[in-house]
Structures are given as C-alpha cells and as structure tokens.
C-alpha cells in the first residue's frame, strides 16, 4: 500500500475484496452483489471453496467462460455469462429467494451508499430522480446469516458513508453485521460501530474523522493487513 | 388432449387490449423472444407487463414499449444494459411502474399460482417500497404483507414440451418461467422441441402440464443478448 | 335398476360414479377423493381421458399394477399402488397443493356425510370422539373449478344427507357446486338445491321427503338414466 | 465440502430430548425407515414429530410412539391402515395432536423454509381447524392466517445424493421430503446411492445441497409397506 498523504492511505477495491474473502469459510453458501462485491470470489484463500448462489437460479456457478463460448441462458444476476462447477443445481426464482429469505445463505456481500450504526443499509437509490431499480438487494439484506458490506470508507468527495442514520432511501433496516472499508473492518453490534481492524497508518482519530457516527472499541484493534494486489 | 399450437401467431391471437401479461425470462435468459415478437405483430395496447426487467435494446419487451403497447410495468429492475425504451417513456410520464423487490416479485407470482392471496415477508420492511402496506410482527420481528400477482396470460420460454404441456427449461433460463406458468389464466409456452408424452422423464418435468395451455415449437430460438449485441431492432 | 319398493329404487354406488363420470370432459384435470369417489375413474366415456391428480405428488397416474408388481413409492393419496400414463409428472406436496388451492384442477369429487343447501360440506368427522383425521379434504373443497359430491341420498337409517345446515363438523363453507346422489343430480346455486335430474320412478314429492332442505327447479327436470353396471 | 456421514447412527447422534423433528414420507412412500430406526436406537424423548401421518404397524414412526419418544404429533391424517400405536396413546391422553389440513401442512413447512412467517389460505375457513386463527378478507373472500413450521431436524429419504447434499427422489416418494429439507436447522438425508458431484445433472437436482447438512447411504432401503405386511415390529 502507498505511504504518502493520508488521503492516499487506503486499500484498493481489490484489497477490500481480498479482506472480506478471508472471512468466508470453506463450503460456505455465498451471494455476492452485482459489481464490486463479485470481486470477492477471486480472493478465496487456498484450500477453501465457497459455493456461490445467484438470484436467477444457480448454486455453485464458476468462472466466466472464454469469450465466444458464452451460453446466454447460463448467466448470473449481473447478466454476465458464467460456467458451472460439479455439483451445481438449477432452480426457479421462488426457490432461489427461499434460499435467501429463509436464511440458508451463510454470507451475502453487498455494496453501499450509506451504512448506519443501527445496521440500516442504503444501496439502491440516491434520490428520487431517474428510474428506480431495486433488483434483489432488499431480499438479500434479510435472511443470510451474515450480511457484509464492502465499500470505500468515504464518498468520492470525502463525505462519510458510515453514518448515524442513512439519508438515502433505505434498502433494509438493522440488517448489516459487518463493514469492510478501504480503511477498517467494523462490526455493527447493538446499534454501534465497533472497530475490529484498521490500517496501521491510520489513527483512531483519523478514522473517527472520516466516519459519521461514533466508533467504539470492544477488544484490541488489530492491524488491517492485506497483500499488494 | 393436444395443447400444441402450430405457430407463435396462433398462440397469442387472443391476447387483447388491456391484458395483464407475465413474460418469463431474466434479461435475455429464458426470454420468449419469438412469442413477444408475435405479440407485437398482433399489436394489443394498454398492456400491463410483469417481468423482472423492462426490456433492453430495441427487441423483446423493449420493442413492445417502443410500439406503445405497454401501459404499466411490474418489475424489479427496469434499468439493465440498454433500457432506453422504458427509460424514455417513464421519464416522459407515459408508462407506469410498480417496482417490486425481486424475491417478493417471485413470491407474489408463486402465491398467485398457489392460491395464497397474501403473505408476510421481511423484505422491504422500513423502506419506501413498503409504504402503504400492512405491517405485522411475528416472533418479535416486523414483516410486510404482500399480495398475490395473477395475470390473464403468461408467455414463457421452455426447452422441451409435450402435447400435455409438460415442460423442461434450459439452465438458468428457468428463472421466473415456471412460476408464471402457475399464475396466469392462460399460459403459452414456446419450446425448442415438442416431444411425445412420456419422452420427458416424470422425474424431470419442471412444469407439469396442468399449468400450461398452449405449446408451440420454435426450433432455433433467438437469444436476446445476441440480438442486442448485433444491434437488431424489431419494429 | 330394480323396480320394487320405493326404498329399493336407487342407483348403486357404481351407477352414481358412472353418472358423475359423464360430466368430466376429455383432458380435464381431476382429483378423486379416497374410497368411493375413486370409482369414478372406471366409468370415463369412450374417447375421453381425464388426467388424474393425487395429492401426494403425481399427475396422470393410471391403473393399479398387477398384484406383486407394486412399487410402494408409487402410490396414490389412498396409499394404494398405481402406475403411470405417458406424460405423467412428479412434484412435491407444496406444488401439489398449489394445483389444488390455486384453482388449477377442473374437478374434485368427494364423498359426504352432509351437504348443505349453502354448499357447505361435512365429510371428515362425525363427532368429537376418536382420532380426528382430515387429510387433504379441506384443501380439495377449495380451488377446483367444480367440486362435486357423490353420495347416497340418505343415510343408512334413512336420514337426509342433503340438509339446510350441516350438523357435523364442516369440511368447507359454500364449496360444493353439484351433488350426484342415489336418486338425483342436484346443483347448488345461490344457496339453494336445484334438481337437474331424478330417477323417473321417484316423484318430486318422494325426493323432497328424503331431503332435509327445500328442493327447487330452474328448468325441466331430466330423467336420471344410467346403465346396469 | 463433504456432507456424507458413514452411518445412520452417526447421522442422528445429536438429536436430543425435546427436539422438533420433521420426518419425510407419505405413509411408507419416501419414509426414511432406517434413519427413524437409528433414532429409536438412540432414544431421545419428548419429541415433537411432523409427518403427514402418525405411523403404521409397529415400525417407523409407530415404533417411535411405542417407544414413548413422542410427545406431540403435527400431522394431517393420524388414522391410516394400522394406526394402533398413535390411537392408543392419543385416546389415553399420552400424546398431543395438532391436526393440520394436508395442503396447509405442506405450505406451512414450505413457508418455514422460505422465510415467510405467515400466509393466508382459504383452506379450513369456517371449520373447527381454523378456530382461534386470524381471518382476513381479500377480494371478497375469507381466508385463514397460518404460520410457518420449522424444525430442529429433518430426516428424509432420497434416491441419489452427492457429497454437496444435492438430492433426487424416487417417484411419489418425493412428497414432503424436499419441503422438510428447507425447513429444518439440520437436515439429514438417507440416500440409496451416494454419487460424485456432477453425476446428478444440474437440471435434475430436486433438493439443492444448500438445504441439506448430512447424507448417509442406505443402499437397499426398507419399504414401510412391505414391513407392515410382513408383520415386522421394531422394538
């Protein structure tokens, strides 16, 4: 990681995804949100293999096929072509969301516009303009045993994304259990942000200044260490 | 009993103005493009269309919207790779939108097919998509009451079909199709191949024929994604 | 049919089943209740073939197998071994009752202890003693487009089974559309029994005397004619 | 990931006193006799058992009842060909019964698996089985509110299974089994044959492995109906 100005001290998206991937157990059933969260699949630790679920009815899909080899009936929720691993299964949308809503997934990982200290998530809409689209986000935040967010710690213009209360339209209430940011790993527990790990080069004061709600500590804060990627 | 119909045009010929139509598929996967295009040729207007998305490019549901046939979309994600057709009409106030979370959409359709008029789900509780809906608490947690969805017609894409209406699907092309078969008064399936009853192993039937009214063969079905990449317009 | 005493003038169970079978269209989806209603399957008119549904997850099952050829995983709701017709399908219990409750069956045919002029049915329990058991009866009375009852017109000791209001525990409210009895075919319409057919040898007065609620006539009553069976 | 377990005894070893257990099968069709008998060998008591029936003869669930393990049955039809075990205890006031219409039982189990805490059904409206339950009117018709059913364990009988827990069933032996797999905290399946992942075509998987925790092979499973006809008693 770079060691320049404080503004440059942060994890890349790949590094955030890598860190989140370390917390997924072998054999876990996992749903990765469209876009950035999909990157988590690349960084499974050696010897572990999660089973990935996609809302449109596949368990245990694999890598994208080579270009030109796509079967457009074999896609993921992001509508990108995928392949199958041995042991894959197809099912319809109601069964797929039974897996989600019924609490059968071990982990769901989503992006965020804002996460509140209460665990509320806003990640589907920034305002009231344009065409609203929600997809499966409101379903995914309920039911998975753990719902993680991966995100930059602040917005492009430096505003906190971890806040006391979301100002953007909510995706779900009290649903997020952990946030992996560009600067820290933060649990949400009893309506509070609890810092578990942070970059060594970032002080608690710096981190608090970037955060829109009080940070708490429940145990020694561990250095957030990730490889160059 | 013979539910086979000789052409896509015949299969959709009684879909009239103002109908509510469920259209299977998730994006282009499992989307019944030939049936949709046959419906465009017939040209009913004032339709309510239920689909996960709201059309892409200038084909399929997007072409229905371009043709001015659609009054309202009920969907979860009307903003896919190239949603111009819907976006333009929506921003111009020319088309209504009922936005439904994807899992709730699936469950509402299943409920329509299963005779369940309402159910409770945690999804959307506390969000603007639950506004105006009854809320109830069970075991200390809040849930939103959602109502069933039914349709006058469902048009779906399947893989194999027999003349009793038994269907299989191709891979993730299954998605909403089996649910929509259950929830419509008249279900119309295009299949890649019509086979004799018994050729589909009873263990492998995904949609039993009781949910299907018409089966028509489209031997080499088009794939929405490929049409969009080729810049095809159906008009 | 015999032509002796008025008490002997009645259809046999086979003849009642035959009469009901005549009203089932070719290709209709039909559920026959356990026991007496199963007899209806034997009397499909030539050229017609209904598709029979059984609650435990088969569409289009066929005749019982030869003795010794039973597969006890291939049974009907009465737990009797069956066979399959070409085009049969298996499904789980929730899908099976989606077919029932969702109104996908054309016809369900059930037995009865009592049927009320309101369409209420009592057919699952006679009193409050013993072990209660309901099975699929309460589901079947809702959802099929037409729900028929086949029954003796009166009980073994001569009491009416067609009544103003059921005195036995109800199976369902306002659910029966037509009753085929040992003496007549009676529709239930707007809370009234409407006689459609009756045995020629039985007068309307005789029929009324055997019935616990007023009988009505909406169109000329047709002779109920069935073959010797 | 390997969900296979080497014996039925190992598969049920953590089912303790007071557990709620869903047991698959409709009569003997799809009934996991070997797992039930392994559970009898272990001998937990005070169990709540959810099954369509309440046991027949002197084997399977009837033998569990005979062994005094069952406190309560939740079922639709506790009166099958030879229901002595249940009948005697029930009439003696030694076992509780929650009687549920068969379709409602299936839907309540599915709801438990699908995260739907409550739903409305027309079934049982106006009958004694709806007494005390909330009633609501939708579109002019009355419906009964029913709650989900969940369990600590489900024990089911399947046909093929792989080490990821993907399952197929044998004919009408499917019945309640796939639903129960969804609705229990721990699902234990006995299968006639364990195959390698990928040997079950992804199109033909009936229960995806996400719903299954343990798979054990019983190569020549017993059939309840045949045991009853042979007068077998498991004690």
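Chains here go by letter, A, B, C and D, matching the order in which they are written, and residues are numbered from 1 within each.
The rule we apply is simple: contacts are C-beta pairs under 8 Å (C-beta built on N, C-alpha and C of every residue); 3 or more make two chains touch, one makes a residue touch a chain.
What you see is a predicted model; the values in this text were computed from it and never measured.
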Weigh A-B against A-D on C-beta contact pairs and write down the one with more.
A-B
Rounded to a whole Å, what is the gap between the Cα centroids of chain C and chain D?
30
Please report how many Å separate the Cα centroid of chain A from that of chain D, as a whole number.
36
Express in whole angstrom the distance between the two chain centres, defined as the mean CA positions of chain B and chain D.
34
Counting only residues that touch at least two other chains, what does the list for chain C look like?
58, 90-91, 94, 97, 100-101, 142-143
If a residue has to touch 2 or more other chains to count, which residues of chain D qualify?
107, 110, 114-116, 121-122, 169, 171, 202-203
By the document's touch rule, what are all the touching chain pairs in this structure?
A-B, A-D, B-C, B-D, C-D
Touching residues of chain D toward chain B in the complex: what are they?
107, 111, 114-122, 136, 138-139, 141, 143, 147, 168-169, 171, 202-204
Touching residues of chain B toward chain A in the complex: what are they?
26-30, 52, 76-81, 83, 86-87, 90-91, 97, 99-107, 109-110, 121-129, 169-179, 206, 223-226
Per the contact definition, I'd like the list of chain A residues that touch chain B in the complex.
54-58, 70-75, 79, 90-94, 96-97, 100-101, 120, 130-139, 142-143, 169-173
Give every residue of chain A touching chain D within the complex, in rising order.
26-27, 29, 49, 51, 53, 58-60, 84-91, 94-95, 97-105, 142-143
Report the residues of chain B in contact with chain C in the complex, numbered from low to high.
1, 110, 112-116, 162-164, 166, 182, 196-198, 202-203, 205, 208-211
